[in-house]
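Pasting the structures in now, so scroll down.
Next come two complexes built around chain A: one with chain B, the other with chain C.
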Partner chain A sequence: MLEKPKRKNPVLRTRLPTLPPAARSRVALGLTAAAALGRFELQQCRDCAMVQYPPREACQQCLSVHLPWRPQPGEGELLSSTVLHHSNDLFFRERLPWRLGLVHLDSGPTVVAHLHGGVPPAPARVRVAARLDRAGQAVLVALPEKETSSMADDRQLREFTCDPRLRKVLVTDGKTATGQALVQALAAAGAELIWVGYAEPWKKFPGFDELNRVSQATLLPLDVTDSKNVRELAAEIGGKVDIVVNNAEHHRAFGISNRSGVEAARAEMDVNYFGLLRLAQEFGPAMRLRGADGLANAVAWVNVLSIYALANFPPHGTAAHSLAQCLRAEMRPAGVRVVNVFPGPIDDEWNQLVPPPKLAAVALANAIVGALRDGIEDVYPGDVAQEWLARWRDNPKALERELS
Partner chain B sequence: MTRKGYEGVAVAVPVTVPYVRYSIRAAHWWLARCFSEILKSAGLKKDAIDGLSVSSFTLAPDTAIGLTQHLGVSPRWLDHVPLGGASGVVALRRAARAVQAGDADIVACIAGDTNHVDSFRLTLANFSQYGAGGPNASFAFLTAYYMRVYGATREDFGKLCVAQRANALEYPHALFKKPLTLEEYLSARPIAEPLHLFDCVMPCAGAEGFLVLGEERAKTLGVAFASLIGTIERHNAFASDPVQMRAGWALDREELYAQAGAGPGDMDFVQTYDDYPVISLMQLEDLGFCGKGEAPAFVRRHSFTHNGSFPLNTSGGQLSVGQAGAAGGFLGMVEALRQLTGQAQARQVKDAKLGLVSGFGMINFDRGLGCGAAILRC
Partner chain C sequence: MSILDKFIRDLTAGRIRVIDLTQTLSPEFPQISLPPEMGQAWPFRIEEVSRYDERGPAWYWNNFSCGEHTGTHFDAPVHWVSGKDLPQNATDSIAPQRFIGPACVLDCSREAAADADFLLTVKWIKGWEKKHGRIPPLAWVLMRTDWSKRSADPLEYQNYDETGQHTPGPDTDAVNFLVGERDLLGFGTESIGTDAGQAYHLRPPYPCHYYLHGAGRYGLQCLTNLDQLPPTGAVVVAAPLKIRNGSGSPLRVLALTESK
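Up next, the complex of A and B:
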């Protein structure tokens, strides 16, 4: 049973960030690429269909070098398990004892996996999944065969995920339908405290009262275009935030020749790019220090971007995407997960001319909470985003034409 | 095609450079001392050695060929055997063929590694993403599976460890010098369940070596020697077994005993590769001393001291001597030579004429890949 984290005693040691072993061969990064999307894929020989593990350059059976990555059901039998009471690695030394299992997958190979506490002693049926570890690299976890309600509370599993339960979250914009859906979804997921930012606090906005009725929610004036405001808020709560969800967005019809001057573009950049930059600069350093904090467990930063980023549209979206990638690179050594979310058009007032299907704000919010819970790094929520992702993976140039 | 025999191959001059837990020296220092000790013991000048076989992990990024310059030798036959625990048997096999073919007259087989305070951690950093448990975790899986399927108990593994410690007390180079009781074994702290402290080898620095040469040459030199009468080697056997409960010995043992003209029951002693006790049990089975799954009963039936009913790892094995990297793969070979040439002092197995040495090397995440065995006769 997961307990509410105790208050931090500033006199006692702060656990500083360490990472599990991060070295991977280039081919092994295929496992990471799939795990980033929440998928478990292994190489499967194109010529003889043998499933390979660990990742290889040539098929162990027929020596073919054509080894595409294919989704795996992950079902298998736990052959043997161990509990480590000793490790030479700083990351694991802080987290002993640690349970590992040797699993024979039904698809053929035998794998080593981090073993969920709910799996009974061998022999037992298990479900193997790929997760990103604190170093941002894929590892395999063996889960109980059947999902249980408190499965996500497993001490080891929580090292790979950023489940919002009992965590403190900042949602940067509570004025939008997405922001309000996020607050509701995070509250339902058991977040301990949700700070909700809202710009122009002198104006009451639709949904204000509903937000105030969420017991975990605290509304705070936050304008991401105001450097002083961001800095002061970070000084106040920055040391406590476990998860930042930046959903602040300035969203207008875009284009070059159908509007004059740079004011609209500047306003877009000021929120979508510089807003994220301000937040990252003010909240980032404290979060990097908390990456290993036992109380915070897994710290995460979520950026709500747009599926158009796949085709580098529009300029402010691309700038935000690029900044989010930089943030990920800077946060990774501290063990902070940066989750980038690429929704298709959201069903809100600014997408009035976009035909359905559009993504409901509630669906987006649930996808974000799900990604935190499952340790997913790149999120493509909804049918539109999934289809565009598939098109982009198939032929990036074609998607550019289709979107323009 | 039947392979040719190993007639006329002598193995001689067992040498150990005394182990230390930690060393500030490089692998070169250990290998050089081993080489010079071989020369001294054999009464040879270094130019007389025209073949060199090197096994070492910590020599890297330097190489065997780099070592020839370091040692100032000019061999006409050179080998590098990076096979860990299988390197002793494999080095001997290859050197034997070189001597038989006349590619070299006298081959020095040397194995050595240094061990700095941080060496083992750095080695493991590239070994395992899962808890960085290294071989402890891999052997924990095998041990747990073996216990579940074949009913071995911790007492069975403990019996081997305790007997080997008794042997080690008669071996001056063993790093462990205190007796071990079964109670101490059982109450040791857990490392990777079901493995506890005394199930795991201790990494250290050290070197081992021997000479391979023609029997006539050995007689001329006046060095005591054993004859190689059978040897096998096999890698990545039974790759489709979901978990490793057997290795290549099981494939090739008939040929090994046919070459030697002797069976398991004829052996006066056995030296297994013993970085963890479960692998000794597996070797006893795969080499035909008992059936698969019968090693626990075999262990309960025998005592394993040098003067017991089944002398095993008579110098204490790696579990009581220490694991000096690749030299761990030479430990059994060097001890077998001492036993067969009457140099085993207080731990001498009475009337030892025939001995079996086994090697097992290069465990990855779930299994050891290489194995080999050799039978020597005096």
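Up next, the complex of A and C:
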């Protein structure tokens, strides 16, 4: 069972983050692309149906070059396991002993996998899943056949996830239904401390009292349009935040001709783009240094974006998405995971006239906590987002027409 | 000695005191907020350009942004629909001598402390005149409520509840009286808005804005230090930025008083 880590001895040097080996061939990045969505996919030969591992350019059986990626059930048998007590790799040196095994998948190939502590000695039935490691690359993890309650607490597994349990989290906007559902979900997931920002403190908002009753929550004024405010908050708590969840959002204009002038668009950019930029500039440096601090894989950054970003709508959402991608690229060398969330229409005040199905704030919050737990990098919560993702993967141009 | 020579001599000798009636422009200072679907005035925001660093080695400076109606600010007649067609109704076209006038300070601080929705009435003003004399023409009439003392806490200063804002201001008749029978230059308050917080429910909505600006008079809002002014005898200098066709502007409001 996971316990709260000891406080860091302040007279000792804070260690710098290290990363597991990150080099992958282009074809092997297919494994990463699926793992980013929480999926385990391997190549399967279109001509002879053989499942391939490791990823390759041509089928190892019939030499066909038609090797599309296909979802894998992941069930298999642990053939053997070993415990590393020595490694020349900086990342694994700091995490020894480390348990690895060979798993024969029911679908054919035998794979090398990191072993969850709950996996018994070989031979044993296991479930193999793909996870992103701290370098942002896919690795395979063998999990016990049956789910147990404290499975997520496993030491090795936590290297691949950002479980909010015992973590300190900043939720940037507590005024919205999403923000409030996030606080509740994070509290239920065992977050130790949740800072909750709220702009324009003179406007008492619905749900304020309920938020104040969450024992882990601390409400504080945070307006992401105010550089001074963001800078001072980062100075105050930036060194302690393990997970930033930026859900601050401003959405009014819906394009070009719906509203005259640039004021509404500017306000949207000021929150959705510059707000994220301010947060990233002020909180980013401290988080980059904390990649090796405290609990395994301690730091993550969640951006709540929109499914419309797939088709580059609306401009402020696209700008925010682009910046989130920059943030991911700049954070990856420090092992900070940037999770981008692409919900369909959320059932909130500003989507009053959008017909159902709309995503409930609670469902969105649970999806975010689930993604942190499962180490997912790109989250498409709910049926609408999943459907649009499938359409986009099938034909991006068609989705552009469908969304416009 | 010329009048201005004497003025400078009295100023230098401290016989004339200069009192700053201005709130500091800062990002924390609350701004007017309208229902969220409407257009909004910008709050004050400030971004560093350089601070003796690689962005500019020997100098410190900022860019700031705000609305015309942010912080302690001036309302020109063109701000309101009732004043839109008047001559000299904008910050650049108002004759500069009209930025200077005698001040009458109406101390409603006791009433405002008892009732955040306090409305200044004609009866109240006439009572004040009995004690301090008739309000002269072209005076700045300043409604002292001590509301500025709440400004350290934006929640207290804005004083919102589910029915909206609760701050003191004049009633409709009081505005018409000051405009029609006292020919005031402008009306000033310590809260956000020359009108009361609930003035949307008066007739007409926002009567101070409607009649004051409809008659070509000016507004001053978010004033402070009115408690340092005598009821009469001070002179207020309130010159807005010269924005072309500006509806108002943040400004430094100074009051000159004679030391006793």
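Here are a few things to note about the model shown:
Keep in mind that, in the parts below, the second predicted complex is superposed on the first by the 399 of 404 C-alpha atoms of A that agree within 3 Å, B and C clash if a C-alpha of one lies under 4 Å from a C-alpha of the other, contacts with A are read in each partner's own complex, and residues count from 1 in each chain.
The working rule: contacts are C-beta pairs under 8 Å (C-beta built on N, C-alpha and C of every residue); 3 or more make two chains touch, one makes a residue touch a chain.
Here the structure is a predicted model, which means the values were calculated and not measured.
When both complexes are overlaid on chain A, the residue A:A267 reaches chain C alone and has no touch with chain B. Within the superposed three-chain model, A:N229 lies in touch with chain C and out of touch with chain B [touch as defined at top]. When the two structures are aligned on the shared chain, A:K203 is found in touch with chain C, with no touch to chain B.
Contacts of A:A152 after superposition on the shared chain: neither chain B nor chain C is touched. Between chain B and chain C, more residues of chain A are touched by B.
Taken in their complex, chain B has these residues touching chain A: 120-121, 124-126, 128-134, 136-137, 140-142, 144-145, 148, 189-195, 239, 242-243, 365-366.
Of all residues in chain A, only 20-21, 23, 54, 60, 79-89, 91-92, 98, 100, 102, 104, 110, 112-114, 122-123, 133, 137, 139 touch chain B in the complex they form.
Chain contact summary for the complex, chain C toward chain A: residues 27-28, 30, 33, 37, 39-40, 43, 45-47, 154-155, 157-161. Per the touch definition, chain A reaches chain C in the complex via residues 200-204, 223, 225-229, 252, 261, 263-264, 267.
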